[in-house]
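We just call them A, B, C and D in the order they show up, numbering each chain from 1.
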């Protein structure tokens, strides 16, 4: 099913979705866009390239409370956080970010460990993918093509959206999307011209080029493993790295967290809070020992995890080439360049 | 009910805490809003203690040390003076009422000054009303 | 999880009157980790202490909170109590609900509420306390006594007689202090010199006393048991190791200086000993008045000195000594009464202050003991004015304590030595000492005129030039009086020595409003100070008479002895330490520490604290940006937790 | 002013010479990034590395940040612009580096640009100086005749605000913080490892990016940098969510200068003001 709406009427669609549940969509902040829970439908803003932070927080919030307890009281009195979720709509997700959810599912929603919080949110959410605007220039930091993702990949979305001039075309991809789209009576029916435009757009998306290097996941995994001990290489790559956490926090695929107990006036909360392997205390052990004290070790870990260990363990690279880490890096460290260099090293 | 502020006092062991004891020994009555933490020297006060106190819901913070020149540790309060002055400027620029943090030099023999300062500061904080800016909302 | 016991003291009604103690104990029992909470009438009494010890065992307590009086009062007591029950003494927390709650409020609601908050803070803090081990240090067996008046002399002799080595430091060129200036002492009227000079000689002869006259303490480092003192030996320009005290030099000297000893009533030589019985009996040169120093020639003293002891090139030198304890006995000054223009001191030659009068009576004084005034005449009528500058809110609130008695003594001596009429103008006659009231009664019978009223003004008589008029209100008859007299004697306020401020600063002694050194506790530790190992005796602590001064000196000697009698001692364990894993190497601690305790290990790039030098102020911990410094017993966590507890309710 | 290309040439020449003569083992300057507009901080260690050195209008990094990374005693050449040189001075004061181990390559420059916004970096976000305060070799002509930039002018608007409005402003700004710590990591004076906020004993604040923790982190950091911040503005440029941290640092720097009569990073003889005191400091500063 394909439907459409004028972009200037997007707030009407937003209002309808808000009636049905929680709407998460890009809003304009001072100098960037970010996904946020919408309380005012007028705030939904699709004039963005990509959001500063990835949409992973929709399923994996920066802080997730698990248990509330009281100091000195038995464990049986502790309260576990139970999510009572309304249906949610994650609106305007770029194809590379949509892809990231699938990779993250491996960790939170696949055999082995099932994270009830991730799963509950994931299941409650309908994803509105949104193709990059192929009529605008690509950002120099992006390299999702390298990971086999294209500007207008509908895969993974429940509903996929492309921009047609001043209109937005919405195509249902999954049965969940189909059902929802059918319910959205505020939307107009698309014409056959729209159908064609949509199909062409998807095709043209393949020619909308980001940076690209031919990367075979097995090859790169092996290569990176082989240069593990090449300290010179990693030192050089990390010479500028400041060890801040912006690359990991903005990354759609980084999922490391820390379990924190915070108490105030005898009332405690146990929560999960994002952590970053670039922080010096990330690997600090209770004994005081820290196996990764050097910047190069930490950068090596990050790159190796995404491009080597993850491949070894799960068969896929844990990176979608969204370019956020490169764009946000205060010193312009570029993981794409590191991969290129690694292949040559 | 009228507003009864919670004030955190931090007093050095040698002067202000002893001075506060003297106020008691001489049975000077003053408002009971200040709860005193004893530290060895006013210089022990880490600026973060003060930020934390306000986060914990203190409506005011009163710091007492020896008079400059009379520090039990020679120069502790001279460092404290600079550090606390800077803390005050920071809180002020953040938008907290500057009157919520007060530093007083009260010697071991100034029980009456301790009582007076507590009385005055409590009034001042009552006039400022509850501190809700930094207080953690539970 | 801790097991905390809370023990709430009623202190009779001292606490229980304005704090509901049983409610406080019930409240404590509801707090997490508190396994037992009790209240009791007197927690510091033997049954109270035994209850705590019993409960420590019965409930297997690992933290004890005593909610009672100030920690400055009984922290040590209760530390002992829990230690004897097998708990580390630093696992005790005292909640001060007496001095800082019950005594400062009349409202039981307020008192109870604040006590709960304070107690809650203590529970938060107690959980995080750690057992600490006291440091044991070597103790230097020697003692330094600063000031060689009667207090210093007595303390020094007492200690020396026990076999301890004493350094007796005196800023003047002789020991003796004010007492050596007096003629008679009240109330017995025995001669001051007769009882003092034998002691001075004892000091000189004592093998255990190193007398350091004409010296000043210029630097103090270290701590109890191990003080490092730097003493400045001021240049005497006479080599005392050569001088044989023939005093030929003083005879020949043409220079004229002002005799400090005789309160500037006469001149003395420029090379001089202050008074005939001075100890040491060796002269010094007063640079200010010496002809050679002023004009570049003379050197008569050098010519007559057979010992070749005169040394015009002599410089100030510095002596370093190490001691285990210090007694401060720096004495007093009389308040300068010149600014009190209403009394005409310094303006009318007939107005004297009390020390000047002491010298007039003294047979070794400027008038050889004859009471004659500056004009050489014997006074026919004398007014003695009490409380000049003391008991006076405009100047010194305190009572100088000895003026009433010495004024009576003066009256007696005036009667004895002159035929003058003597008036006493007093506010109250304070004669609370052994034999004092009797002395007062005796004087009442000696035809001395007592007028209850403070001297208000001294003016010059317009009718009889040179005669003075004392104005006062007789508060018994409510009559305003004008008394014509020849001589007025002022009894100025007794104030601390001007230099005591510097000494206080060097030794970290607090002073009270008047500048007298503060004792650790006004009743229970009157000779100790807040600085461990430093004791005070005599008038530097507050005005007192000779018997009290001597008693304090003996007490201070005993206190000092309790320290130096042992070769080891325990120090508070509340020092700071560096967690090297967190140290960022900024060296802030090294920069700020007044004691040089932190040092930087350049190899490891971290700071390290020499705990022997650390006094536990915690400054380093607060300037440490990475929270690497742990100020034991006042750690960041402990302070933050206590704050949280205090702010909860 | 000497143009960027010329400065780049001079930088390469001096770097090459210093490395060749063995006077230094590393030259801290700027190098190629993934494209022209994205240069990176660069550590040249060999003569071959010198070719990678670049200097253009986007080379705004404060290289002093990297000094503490090298073991004590390493002979380092460092390229510094005006504010950067103040950071070097401050680090010398704090004994994190020794003057004799440094060859300071001064760059007098104006018109540097923020690569994210394209805005010219001026006294609004930095100390406004054009010429390095301390250097051994100057890589261009000193900039003169420029309008005297006043670094604290930008504060007037905020100082004039009502305190409640100012609180609202800062609460909103600081609550944006995602606790990535790029600010402290870009800061040349934030060399603590661990930072107080990473401590678990005590845990000064929550790790989550929420108001209490954010406030504790930033207010304390402002205090830690009081009298030490040299106003290079790198914290604000590193911040992914554009918190105007420079404003607060400027305010604290201004207050410290007024109270203690000393400007951070101007003389290697100075002592950081908050680990120093003067007996004659006035109690007025506490009012």
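Quick note on the criterion: contacts are C-beta pairs under 8 Å (C-beta built on N, C-alpha and C of every residue); 3 or more make two chains touch, one makes a residue touch a chain.
Computed from a prediction, not measured in an experiment: that's the story for all the values here.
J.: Using CA atoms only, can you tell me which chain is the most central one in this structure?
T.: The most central chain here turns out to be B.
J.: A-C versus A-B: which interface comes out with more C-beta contact pairs?
T.: Contact tally favours A-C.
J.: Taking the mean of the CA coordinates per chain, how far is chain A from chain C in Å?
T.: 73
J.: Using mean CA coordinates as chain centres, what's the chain A-chain B distance in Å?
T.: Roughly 48 Å separates the two chain centres.
J.: Any idea how many Å lie between the Cα centroids of chain C and chain D?
T.: The mean C-alpha positions of chain C and chain D differ by 52 Å.
J.: In whole angstrom, what separates the CA-based centres of chain B and chain D?
T.: 35
J.: Could you pull out the residues of chain C that touch at least 2 other chains?
T.: 592, 623, 636, 640, 644, 647
J.: What are the residues of chain B that contact at least two other chains?
T.: Within chain B, residues 47, 52, 56, 69, 75, 79, 83, 136 contact more than one other chain.
J.: Find every residue in chain A that makes contact with two or more other chains and list them.
T.: Touching at least two other chains: 264-265.
J.: Given which chains touch which, is the overall layout a line, a ring, a star, complete, or other?
T.: Per interface graph, the chains form a complete graph.
J.: Any idea which chain B residues touch chain C in the complex?
T.: Contact set of chain B toward chain C: 6, 8, 13-15, 17-18, 20-25, 27-32, 35-41, 43-47, 49, 52-53, 56-58, 66, 69-76, 79, 83, 107-110, 115.
J.: Which stretch or stretches of chain A touch chain B in the complex?
T.: 264-265, 267
J.: Would you pull the chain D residues touching chain C in the complex into a rising list?
T.: By the definition above, chain D touches chain C via 72, 94-96, 191-196, 199, 201-202, 204, 224, 271-272, 274-276.
J.: In the complex of these two chains, what residues of chain C are touching chain D?
T.: Against chain D, chain C makes touches at 582, 584-588, 591-592, 602, 605, 623, 625-627, 635-637, 640.
J.: Under the touch definition given earlier, write down the residues of chain B that touch chain D in their complex.
T.: 47-48, 51-52, 55, 68-69, 75, 78-79, 81-97, 103, 105, 133-134, 136
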